[in-house]
Amino acid sequence: MTTERPIEIQCRLFARYAEVVGTDRATLHLPPTATVADAVRELRERLPGGRALPERPLVAVNQAHARSTQPLTDGDELALLPPLAGG
Amino acid sequence: MTTERPIEIQCRLFARYAEVVGTDRATLHLPPTATVADAVRELRERLPGGRALPERPLVAVNQAHARSTQPLTDGDELALLPPLAGG
Amino acid sequence: MPCCHHLREVEIPYLTRNPIDPAVLLAEVSGPGRGGTTLFVGSVRQSPEDGPVVEIDYTAYEPMAEAEFERILREASDRWPEARIAARHRLGVVPLGEASVVVAAAAPHRGQSFDACRWVIEEVKRRLPVWKRERLADGAEQWSDNAGARHPTGPRSSGS
Amino acid sequence: MPCCHHLREVEIPYLTRNPIDPAVLLAEVSGPGRGGTTLFVGSVRQSPEDGPVVEIDYTAYEPMAEAEFERILREASDRWPEARIAARHRLGVVPLGEASVVVAAAAPHRGQSFDACRWVIEEVKRRLPVWKRERLADGAEQWSDNAGARHPTGPRSSGS
């Protein structure tokens, strides 16, 4: 069914999170009903050292702060943000 | 009696008050029991145009803000301060 | 790094007839333990109520104004012991847009620097024996005070 | 004189790898109707908890940080429509004592300028996707965040 065609999510990791998993980018293919929380779960399972990432990190979708319940859309950019330190 | 020897007060007027009375200095001789309020009353009576000064202006004694009830001492400098406009 | 403002090695007057450079005040309060600095600049502005003000002539009861500034900054140092504070007030004719007063407060934490800076400028407005004569675009002059009162000026007194 | 920050003719990036000059931000927000200007400077400081920090390496999720700065300043313009606000955040290695962030807010009245400046810096701290790697005097490095957490650094990732 067309509704089952997976969506592609570009993931970005920053600062300490990029150090922990040894990469700052990953691409996920997820069911079209996937939320931010689903994507984070997938990253924690699939990336080497991914378990060291928090279960509910601060996240941004398409360069804006987002909640873990936010649904994702094909082509979205999901970023996992360590605790902020600006200022 | 020595207690009756008058005290000498150097008075200064600023900004609009100096304009109103046409001078920025005056010397008063007052009883040794005189307060700021007594000196202001004397200035309002004796200076030409003195009635245009307020009965209870902002005042300073020896370059510090003072109350109208403050007793005066020989040699004190009394200043009548129009409403402040610093900043 | 305790620092008492009033123990400055060189006594810099708080009153000046020259333009005030904010960078100088920022430098005066800076220090490695003070990560937050708040600066306030008060400028001569056009007032919608009065029409265009082209310049302001500031006068002061100068020795008292210096002493009162010193008292205000000493009280601020008591309230915010870790803060370092600098301040200047300009006297004489100040054209539109130039600064009449600048206050800088640096502290280990930003909240302290905001609070100290704000407190000092409020006290300056409330306590500093300074007066202003505004010259309007049409040539009229008026005394203007911080309570919002306006009075037309009379002849200038010789000595003040 | 209504002014919308986000309608700047020339888009100046909020992020910079060069030292931030407070005078530039003061000039950007100045205007004849705005008599009160508050400037906040956040500097790299020695932290008593961690011992001497000699420098901080700031990194950001850069396009999001630019967009988030724009959102913060647009929200500030909604809250203080008469204010004009400028802000910069430095990235890269910032030595001890230099500014990492500067915010300037000018408004007709000083209360507005203080409130707008304070609000913007608080939102920057809370929302801007920026991270810092502190280098201490003994050569150790740590990630340090605005909630006060510290983590030793690992190997540097190639791309971030």
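Letters A, B, C and D mark the chains in the order given here, with residues in each chain numbered from 1 onward.
Convention: contacts are C-beta pairs under 8 Å (C-beta built on N, C-alpha and C of every residue); 3 or more make two chains touch, one makes a residue touch a chain.
Just so you know, these numbers come straight off a predicted model, no measurement behind them.
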{"item": "Shortest contact path, chain B to chain D, counted in steps", "value": "2"}
{"item": "Most distant chain from chain C, judged by the mean position of its C-alpha atoms", "value": "A"}
{"item": "Chain centre separation (chain A, chain B; CA means) in Å", "value": "75"}
{"item": "Chain centre separation (chain A, chain C; CA means) in Å", "value": "51"}
{"item": "Between chain D and chain A, distance of the C-alpha-averaged centres to the nearest whole Å", "value": "26"}
{"item": "Chain centre separation (chain C, chain D; CA means) in Å", "value": "26"}
{"item": "Residues of chain C engaged with two or more neighbouring chains", "value": "42, 110, 121"}
{"item": "Multi-chain contact residues (two or more partners), chain B", "value": "87"}
{"item": "Every chain pair meeting the contact rule", "value": "A-D, B-C, C-D"}
{"item": "Residue ranges of chain C in contact with chain B within the complex", "value": "42, 58-61, 63-65, 67-68, 71, 89, 100-101, 121, 124-133, 143-147, 149, 151, 153-160"}
{"item": "Touching residues on chain B, where the partner in the complex is chain C", "value": "12-16, 18-20, 22-25, 60, 63-65, 79, 81-87"}
{"item": "Parts of chain C lying in touch with chain D, wherever the complex brings them together", "value": "22-23, 26, 30, 32-46, 48, 96-97, 108, 110, 113-114, 117-118, 121"}
